[in-house]
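Structures given as structure tokens follow.
Both of the next two complexes hold chain A, though its partner changes from chain B to chain C.
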Partner chain A sequence: MAVRAGRWVRRHRVAPYLLLLPSLALVAVLILWPTVQIGTFSFQNYGLDQLVGASPTQWVGFANYSQILHDPEFWLSLKLSVLSAAAMVPLTLVVGTLVGLLLARLGRKMAAFVSSVAMLAWATPAVSASVIFVWLATPDGGVVDWFLTKVPHWLGGGAHWAGFSWTNAALPAYTLATALVVWTSFPFIAVSVLAGLRTIPDELFDSARVDGAGPWQVFWRVTYPVMRPIFQVLFLLSVIWDFGVFTQVYIIIGELGQRDEYNLGIYEYSTAFQTPPAYGLASALAFVLTLILLIITVGYVRASVREGALL
Partner chain B sequence: MRPRSWRRLTRRAGLNLLGLLVALITLFPIFWMVSTAFKPDTEWYTLTPHPLPSHPTLSNFGAVIDGSVIGLPYWNFLKNSLFVTLVAVFASSLIALLAAIALARFRFRFRTTYLIMLLIVQMLPQQALVIALFIDYRSWNLLDSLVGLILVYTTFALPVTIWMLRNFVAAVPRELEEAAAIDGAGPMRVFWRILLPLVAPGLVATSVFAFIFAYNEFIFALTFLGTDTAKFTLPIYVQYFYGRNGADWGAIMAASTLFTIPALAFFLLIRHRLAGGLVAGAVKA
Partner chain C sequence: MGLRKTPAALVAIGTAAALAIAGCSSSSSSTASSSSSTSSAPSQLVVWRMGASVASQVTWMNGVVTQFHKDFPQYAKTKVKVVWIPWTTNATDWNNALASGKNAPDVTELGNTQTPTEASLGVLANVTNYVDAWSGKSGLVSGMLANDTQNGDIYAVPWFGGVRAVWYRTDQFKAAGITSPPTTWTELVTDAQKLMAKYPGTYGIDAITDDTNAFASFIWGAGGQIATESNGTWTADLTSAADEAAIKFYVSLYRTYHLSPSKYIGQTELGNTGSTSGGANTDFGLGKLDMYIDGPWATATMPANSTDKSNWASFPIPSENGPNPAPVFAGGSDLGIFKTSKYPQADWDLITVMDNTSNSTSFANLQGFFPPYTAELTAGPYKAEKFSAGFATAAANSQISPLNAKNWSTADTGKYFIIPDMLKSLMNGAPFQSTVAAANSQLQTVLNTGAES
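And now, the complex of A and B:
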């Protein structure tokens, strides 16, 4: 029996499909199907009554979407998502690249030491990192405010920083979130840049230097062009991660308390899970969020394909 | 000393100093967490912060471990987290290995489609999917259940794990398998004796990613576990603990330390194998 089954598998070349089956089943049921459901709910009046079966779900056409478009809270949350990503992505990339370039110039042991320490920041769980940063920036007794009071006046420091709250308004809260995101994600960029730098032959740098190029020129004329595909992928990954940042912001703004500090993901989450739950409306928000990320992802996939990752 | 080598020496020292500075700044938040965890309550808020506790105490850890805040000891949550994480890592590694073998060893229709599908699926925002999954889990009776979490963690770890493992499987020379097959070994024997030992470093590297993802995951646990405190995993526990004890920073940092240190220790332990594994994974056959 087993032998015959084995023969059937070989003759019909079903072996690869059998091997893919478990992963496909899980991904289909727990990722693809929910995605379809989000799309469906976004055209329905799905709320608490519909969840418990008290009243039937009704199709409402584009009502949820038009409600979003006329909702100032949606535009505020979208603005915060876009602006915070616009701060987080370049800062992470610049810091990560600079550390990567530094690592390449350090001796073997020192480079190994610095990169392992940096990877500790990367491996620190988001919840811990967020709680730590809130503690560092707490208005009474936090190290950040203390440090800022000691910074000379012409650098923006001074006594007025004593007791400054970093979580009560959107701008300071997202400044703190940006510091946190840069701290967590620069190591990954640095290590990737280092790995990329190691693939560039030394002769390329030597000849550029012989031609009289300074470090700035060497970077833009040699390093960047050669590593362009790597930077492209790192850029797109950072945009995707930072636009969808949830846990860190959720903890920094103090769960779902301060509505004027919501980013798009948190606004969508609170619409779904704060009473009264509006799953239909939240699904429309989720769909918008997903659509934005998918558009960026298409760029990422194309960059990966160009790099030959699919071969 | 000649000026040239002198200049080289100062340059070297300057770079090392800079590297040390980067390491110190990066390490500072983690250091501050551990240091606060050992400080008695009189030392949390001081006009001039001290890096080290002047009267180190274990009382913060005591409060966390005996569970005086939530009513349940730390071990309960560590147990939940380890159970969920280890099962999810094992299951996702196994399922991903099967898929990786298919994708690296066979040419078949929809192969590229499947790979691109995984790439896209991996980018879908979890805070969006959690709405539909919450509704599904409610009707499948999987809310407030660690098994429900395991299913989600296993699935969401798959795309990255499959992509990474695919390169490791492809790096195993096909000739080895063919030679074994000629010597009369069946497919199962080839898998256990040839492929699995050679892919093992890759499995270690990918399982680290699955581990970090499952151990740290927040959104699903927050949404699915709701108010059932006894089932909380460590991330939800730490967040809940922090929400409940707004100003008890010593205990909050102790809880956070007890959550973070296992992850960092595991990471450091496995780092060398990880570096080797990542390099091997990057070198495509």
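And now, the complex of A and C:
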């Protein structure tokens, strides 16, 4: 029996599909089924009454989607998501790349030390890191405000920073969130860049230097072109992560009290769960958010296919 | 080859985790159902209390539970578990408990402005039959019970009431040369300025943005209304001359007079929304804030190392031109039975012990609240003491509408923070007319429809 079954499997080349089956089943249960449900809700007036069966669920067509597109708060939260990602992504990449380049130049022991310290920042749970940053920047004796009062006036410091609130408006709140996100995500970039640098033969750098290239030129003429696929992947990963950032911003803006400081994820959460809950509307929002991320992901997949080595 | 192994391993781990989660939830639900079916008395009742856990209230509750076991021997083995829920998230927690059917309370405390909203959302069980048969019903302050009644059905019973006033320190007033508490807005500003001059580095008064229950007194103190109802339709009134004067004055406490720090913008009296201590409350306790608007219950959240406590006193929130104080929001809490509770009779029996005359009065006295019974309220010692004198005077002229409108919670603390956001925007420099007009139309829509469309 067993032998014959094995032969059938081999003849019909089903082995790869059999091996894929467990993960497919898992994806179906954990992702596909919820997606189908959310997709259904997004076309319904699904709220608390409908969930507990107090009133019937009704199909509302595209009403939820049209409400979202006509909602100024959706556009405000989308703007905050886009702008904060536009600040976080380049800063993370620049800082990460610089640290990666530094790591490549350090001796073995020092490199191990620096990279493990950096990884600690990456490994810090998002909630802990956010709470610590809120404390650092609290107007009641936080070290950030204290430091800024000591900074000379011509550098932008001064007494007006005493008791400065980092949470009472979108700009300072997202400045803090950006600092936090950059701090926790640059180590991943640095280590990836370091790994990429190790794949470049030393001869390339040597000949560039012999030709009289400085560090700036070496980076842009040798390192960057060779590692471009890696940078593309890192860029797209960062966009996906930073566009969808929730935990850090949620804690920094003090949970849900500040509607003018919501990003898209928090707006969606508020729509779903704050009184009165609107699960249908929030499902439509989730689909819009997914659609935006999907467009970015298509770019990511294309880049990684071209890169090849990372697959 | 090495790379190919990783996904398979991940899948294996993921599957194991999924199975573990599934196993977990199924076993816990089966134990819950078996325990409920084996005995008629509940093994446990869950009571949701609002705010941060306070030692004296825990002691009080322990006493109530002992009495509950004695008065109702059938519940002698019933445990009473108290869960503390932050005020700012309680509506979400009720929704989630109702939606998921998990971790739900049996009995819950509700802010009296929340009861109409939650009753209409279907979170509360109808307790009309219990209340009608209850000996305590006739003694309740009738307006408080009416607030918990919808279309003739009762959804909760009043537990305690409370009002806000302005906290201050008598010795600081004396040192700053203030002979009697301010009774007009102009005097309030002048006195705050005197205090800040006398005590450099302190703030005069807190102009927080996320406490409409307190801010309402400024609107009412100018002779205005937040919104009025006629034939079931709400008309928002924020753009009236009186309301605009109140909004302008309140914003000027920060923008013009700098009596309130910028960090209070976007904060409740307890700091950031979602926190259960901190903010202006802590600042007053530590002597960094000279005057502070809150109810007497604020003592419970003041820091342990609060200074100069013996000189704490209160005066009613001044009206625009005096001499009578501004009307004050009649706040308070109710007790209700959660819709999904399996033991409504036991829940009600517990409520009757928590809310009987002596327990509700001792609880009120403990916190500086007022009991919900007319006889206790008028006979109480509430006006004699200097600390509570201001609150007692304020309570004489109180108002609750529109803060008990069915959609008020949605407009003010649920999905929308209309007045808090308006005050925040204005303090951050938004143009006055258009910001107030936008808030006014949003408020009117949400009060009437429960959503913005």
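Everything below uses one rule, namely that the second predicted complex is superposed on the first by the 286 of 311 C-alpha atoms of A that agree within 3 Å, B and C clash if a C-alpha of one lies under 4 Å from a C-alpha of the other, contacts with A are read in each partner's own complex, and residues count from 1 in each chain.
Quick note on the criterion: a residue touches a chain if its C-beta (ideal position, glycine included) is under 8 Å from a C-beta of that chain, and two chains touch if they have at least 3 such contacts.
Just so we're clear, the structure is a prediction, and the values are computed from it rather than from any experiment.
When both complexes are overlaid on chain A, the residue A:F188 reaches neither chain B nor chain C. Legend: residue contacts after superposition of the two complexes on their common chain; A:S270 is shown touching chain C, with no touch to chain B.
Chain A is touched at more residues by one of its partners, and among chain B and chain C that partner is B.
Of the two partner chains placed by superposition, chain B and chain C are both touched by A:P22.
In the superposition on chain A, A:L289 contacts chain B only, with no contact to chain C.
In the superposition on chain A, contact of A:L30 is made with both chain B and chain C. By the touch criterion defined above, A:L106 reaches chain B but does not reach chain C. Contacts of A:E255 after superposition: both chain B and chain C are touched. Using the contact criterion defined above for the overlaid structures, shared-chain residue A:L51 touches chain B and also reaches chain C.
Comparing the two interfaces of chain A, the one with chain B and the one with chain C have residues 19, 22-23, 26, 29-30, 51, 140, 255, 273 in common.
On chain B, the positions that touch chain A within their shared complex are 12, 15-16, 18-20, 22-23, 26-27, 29-30, 32-33, 36, 44-49, 95-96, 98-99, 101-103, 105-106, 108, 111-112, 114-121, 123-136, 138, 151-152, 154-156, 158-159, 162, 212, 215-216, 218-219, 223, 234-235, 238-239, 242-243, 249, 252-253, 256, 259-260, 263-264, 267-268, 271, 282, 284. For chain A in complex with chain B, the touching residues are 13, 15-17, 19-20, 22-24, 26-27, 29-35, 37-38, 41, 46, 51, 99, 102-103, 105-107, 110-111, 113-114, 116-121, 123-129, 131-136, 138, 140-141, 143, 146, 183, 187, 195, 240, 244, 246-247, 250-251, 255, 265-266, 268-269, 272-273, 279, 282-283, 286-287, 289-290, 293-294, 296-297, 300-301, 304, 310-311.
Chain A makes touch with chain C in their complex at residues 19, 22-23, 26, 29-30, 48-49, 51-52, 54, 67, 139-140, 163-165, 167-169, 254-260, 270-271, 273-278.
Across the interface of their complex, chain A is touched by residues 7-8, 11-12, 14-15, 18, 88-89, 91-92, 95-96, 98-99, 117, 121-122, 210, 261-263, 265-268, 271-275, 283, 409-410, 413-417, 420-421, 424-425, 428, 450-451, 453 of chain C.
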